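Have a look at these structures, which come just after this line.
Consider the two complexes below, in which subunit A is the common component and subunit B and subunit C are the respective partners.
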Partner chain A sequence: MMASAPQSPWQRLQGIPRYYIYLLLAAVVVWQILFPIRLPITPSAATKGVFAAIESVPDGKLIIISADWDASTQAETGPQTEAIIHACFQHHKRFALMSLGAPMGIKLADDLARRVAEQYDARYGVEWCNWGYKFGYDNVLIAMAKDIPKTIGTDFHGAPVAQLPMMAGVTEISSIGLVIEITGLAGISEYWIGLIQGVYGTPFASAYTAVMAPGYYPFLDSKQMKGMLVGAKGGAEMELLVGRPGLGGAIMAAQSWAHLFIIALIVLGNVGYLLASASERRRR
Partner chain B sequence: MRSLFRPAATSAALYWHLAAAIIASIAIIVLLHRLLGPRGRRWLIAMVTLLGGLYLGMEYFLPVRKDMLWPSHIPNPNPARGANLLSPGIEPVGNMLSVIGAFTVGLGIYSLCQVHGRNIIRRRSGWQNSLAFFLSMLAMLVFGMWSYYLPKPKIESPIMPWPKATYEVLFNGLFNPLQAATFSLLAFYIASAAYRAFRIRSAEAALMMAAAFIVMLGQVPVGAWLTSGLPTTGAAGFFRLEALGDWVMSWLNTPAQRGIVFGIAIGGLAMSLRIWLSLERGTFFAEQG
Partner chain C sequence: MNPDALIVWATAIATLGVYTILYRENPVSRLFEHIFVGLSAGYLIVATWTLNLQGKWWNPMVHDRKWYWVFAPIVGLLFYFIYSKRYLWLARLVMGLFFGTAAGYFFREFFPLYSPQVYACFKPLRADASIGWADVILHHWIFVIILLTVMSYFFFSVPHEGRFGRALGRSAGLGRWFLMIAFGAMFGNTVMARISLFIGRVQFLLNDWLIPSFQRLGLGG
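== the complex of A and B ==
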């Protein structure tokens, strides 16, 4: 067996074992979650758009919060949902949770809404309700636009939605003042925009994971979206707007230092690569 | 005939309807299977696809009339908005599609049970994982259904009934952390992959790295803090990392994304037409030659 050639310091700089990287990244994240160094956050125009959209919903109309996320993206979508629910309660806007794409996530959103509702003494069925997971994407939206109680049928707990006090007068899509889509799944917003916002002009806002948000900037630019929360940053900014600093801010601290760590790693790898290439050229 | 499509008046009638529907469906499938050859089946699938697409398309595009009479057994939910000739069918068709979709879930579960069942019977390597699949599925199914169908207590009690408590432990204590942990592993892989693969080998790679650094720092408060010395307004304000990040996303990313969206939409339209007209033979008929 041939012994491998000794590596130059520049080559070693490019080959840090991956378990050191994993360990250091975990250390950075845990350190910031436990002892966050909170830096000032300035809400972006896109986040302010979501807040303003909630604020401007006419009193008689309902907000639909389509919580299409589950535990896999909860670190980003959880704080976003919580802050949005705070904004709804603070402005006395009634809202209905529902899900088109995440049958498991609707329970997480329900737990969250229940917890926030307790802080405002908001009653289920009066100030908020949960329509549950509805299978069928476009079919649900097409039918819902024409008859909400019939399409939704029963709520998350199996009770007929038509019997909930807050559903009095809610017939079809004109009863809806705003749709907020919170998701880590690409493609669901297109249904809302194509079949509801585009056809009936119902205001639409959204909250996405940071990785999928770039794909939705065209809709923000075309004003088809009133606003957009981008990843944990959007959640932290919304928390700031509703005056309830929470998990979003702590996650931002961890993400800040994790980004810096990854940038440092990339720089280190490239310094090693450039110096090793230069030394190779000199040797030739 | 119309009474068949009305909602069942009692729960007993509903179960009779369900049983009759299942028996009729099985009978129709067996009959079609016996009577139709491969050519006949192709023809049937193509016709159903064509008619289904035609109905949904026409219902969406046909003009509506406010004085349109809704069939007597379905009340028009919103007379002010109007309807066309096909509107009354949209809800039953939607329900039908939901039911067909639900069958695909059943098919998925059947397929999983088949694969994992074989693994256990033949003691293939990793059969313990298959056993874990069955145990987890059964536990979630039993306790999920049990807690859902538990009679609601008349007085709210702080103590949860044990089937519900068990379901909560399974869902919040096991399933969610496992799912979150699996997804979180991505962050570690991305960090390691970025360190290993992101090398400035060309001018394009350098440009991409610069854009990546700007966006990565612009998305986090530490980026804003690094350039907090710059004024927030005027030309110098543009060079604050959060403003630069926003500029990259709005001015460079948006047109590129819009181009991609147009491309996908046109491709999707072409593909939908091919499927609708059953020209995309590979999808339905590949195995039948």
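== the complex of A and C ==
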């Protein structure tokens, strides 16, 4: 049996088991959560667009926050939702939570809204409400455009929405001053834009997980969206604008260092690959 | 143990159980994966009933005497005739109804959704009172060049031979590079998203589970 040729350090580097890399990445994240070194965050134009859109909603109109996310993307969409709710309360804008595609998410968004509402002494049914999960996607939106109380029926707690004080005067889509879609699900924004924003001119803004955000930049360029929050970064930027540092900012501290670590690994891996190839060629 | 602590412990064990997949495929991660899928499906059924069907279908039918709602599930059940060779036409009937409705909705949605993006592609390529040359070159020229070269990459009707064909080939090659850059940016965003989710879990494990547990045991401040 022939003994295998001794490997150079660069060749051995190519064969590191992947779980060592996971462990190192976990170590970087734990280090940054326990002893954070925060890098500066500057709000982008897209984030400022969401903030400005909330600020410019006329007083008599309602904001719909469509919380189409659940536990699987909570680290990104949770801080986004919380910062958006802060912005609504700070500008004294009434809002209704709802969900078209994530029944679990509406409960998580309800918990967040309840916690934030306590900080502003905001009352349920007066400053905010939760319309709950409404199944039917485009059917719901088409019906809502004509008659909101009838389409929504009952709120998250089973009470008729028409009886909530904040719903007085809310009849059809012209009562809505802004729709904010927060989601990790591709496709739901298309319903809002195609059936509501594009037809009735209702302003629309969004908050997406980082993985799906690149696909929606064209909507920002075409002005179909007023603004967009991108992943935990967008959440952290919004937290900065509302002056409430939270989970988004904490995630971004660890995120920046995790990215630096990944960049270093990519550089090291590629240099190793090139040097290993060169030493292989020399041996031949 | 109080219920909140129990929930935190269960969540922590489930998180660690699912993450064991990073080492290798194993029954523990499978178990927690199945629990998660089962819980989600159960929650979806309950939420669909309590937040939708009960108020929109059951109550009107049973309490408000809108008896005609009884036909709704009958129409829905027609889908199951897909398993019968003799009555397959009944399933086709209801499928046709749904396909037609969906196509109508999509047609209605398509133009308001995409036409503004077509208009947004027409950008001024000369500076004027509203926009300076720097912005025109940085934003509009780059946008239009990338748009045209990428579109030429997907134009397969002309062979890349002859004078026009070679020019088209060069443009398509450039378009391919731009596409690769875009895919790289998308992949970067994907990495960001996945790392965010991981950090969220580590935050929970440290701040909600490990540190409070150590504090309860009198270890650490």
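Quick notes on this one:
Convention: the second predicted complex is superposed on the first by the 278 of 284 C-alpha atoms of A that agree within 3 Å, B and C clash if a C-alpha of one lies under 4 Å from a C-alpha of the other, contacts with A are read in each partner's own complex, and residues count from 1 in each chain.
By our rule, contacts are C-beta pairs under 8 Å (C-beta built on N, C-alpha and C of every residue); 3 or more make two chains touch, one makes a residue touch a chain.
The shown structure was predicted, so the numbers you read here are calculated from the model rather than taken from an experiment.
Aligning the two structures on subunit A places subunit B and subunit C in clashing positions. Look at A:Leu247: by the touch rule set out above, it reaches subunit C but stays clear of subunit B. Once the two complexes are laid over each other on the shared chain, residue contacts for A:Met104 go to subunit B and to subunit C alike.
Of the two partner chains, subunit B is the only one that A:Ala143 touches; subunit C does not reach it. In the superposed pair of complexes, A:Val30 makes contact with subunit C only, with no contact to subunit B.
By the touch criterion defined above, A:Gly187 reaches neither subunit B nor subunit C. When the two complexes are overlaid on their common chain A, residue A:Thr73 makes contact with subunit B and with subunit C alike. In the superposition on chain A, contact of A:Gly269 is made with subunit B only, not with subunit C. Legend: residue contacts after superposition of the two complexes on their common chain; A:Pro165 is shown touching neither subunit B nor subunit C. In the superposition on chain A, A:Gly132 contacts subunit C only, with no contact to subunit B. After superposition on chain A, the stretch of subunit C whose C-alpha atoms clash with subunit B is 81-89, while the remaining options among 81-89, 117-125 or 171-179 stay clear.
The residues of subunit A shared by its contacts with subunit B and with subunit C are 18, 22, 25-26, 29, 70, 72-75, 104, 135-136, 142, 158, 210, 214-215, 218, 221, 230-231, 233, 255, 258-259, 262.
Of all residues in subunit B, only 60, 77-78, 81, 87, 90-91, 93-94, 97-98, 101-102, 148, 171-172, 175-177, 179-180, 182-184, 187-188, 190-192, 194-196, 198-200, 209, 213, 216-217, 219-225, 228, 242, 246, 249-250, 253-254, 257-258, 260-261 touch subunit A in the complex they form.
Of all the residues in subunit C, the ones that touch subunit A in their complex are 22-23, 40, 43-44, 47-48, 50-52, 55-56, 105, 108-113, 116-117, 119-120, 182, 185-186, 189-203, 206-207. Note for the complex: subunit A touches subunit B at residues 14, 16, 18, 21-22, 25-26, 29, 38-42, 44, 70-75, 104, 107-108, 111, 135-136, 139-140, 142-143, 146-147, 150-151, 158, 171-172, 210, 214-218, 221, 230-231, 233, 236, 252-253, 255-263, 265-266, 268-270, 273-274. On the side of subunit A, the complex with subunit C involves touching residues 18-19, 22, 25-26, 29-30, 33-34, 70, 72-76, 78, 103-104, 106, 132-136, 138, 142, 153-154, 156, 158, 190-191, 193-195, 197-199, 209-211, 213-215, 218-219, 221-224, 230-233, 247, 250-251, 254-255, 258-259, 262.
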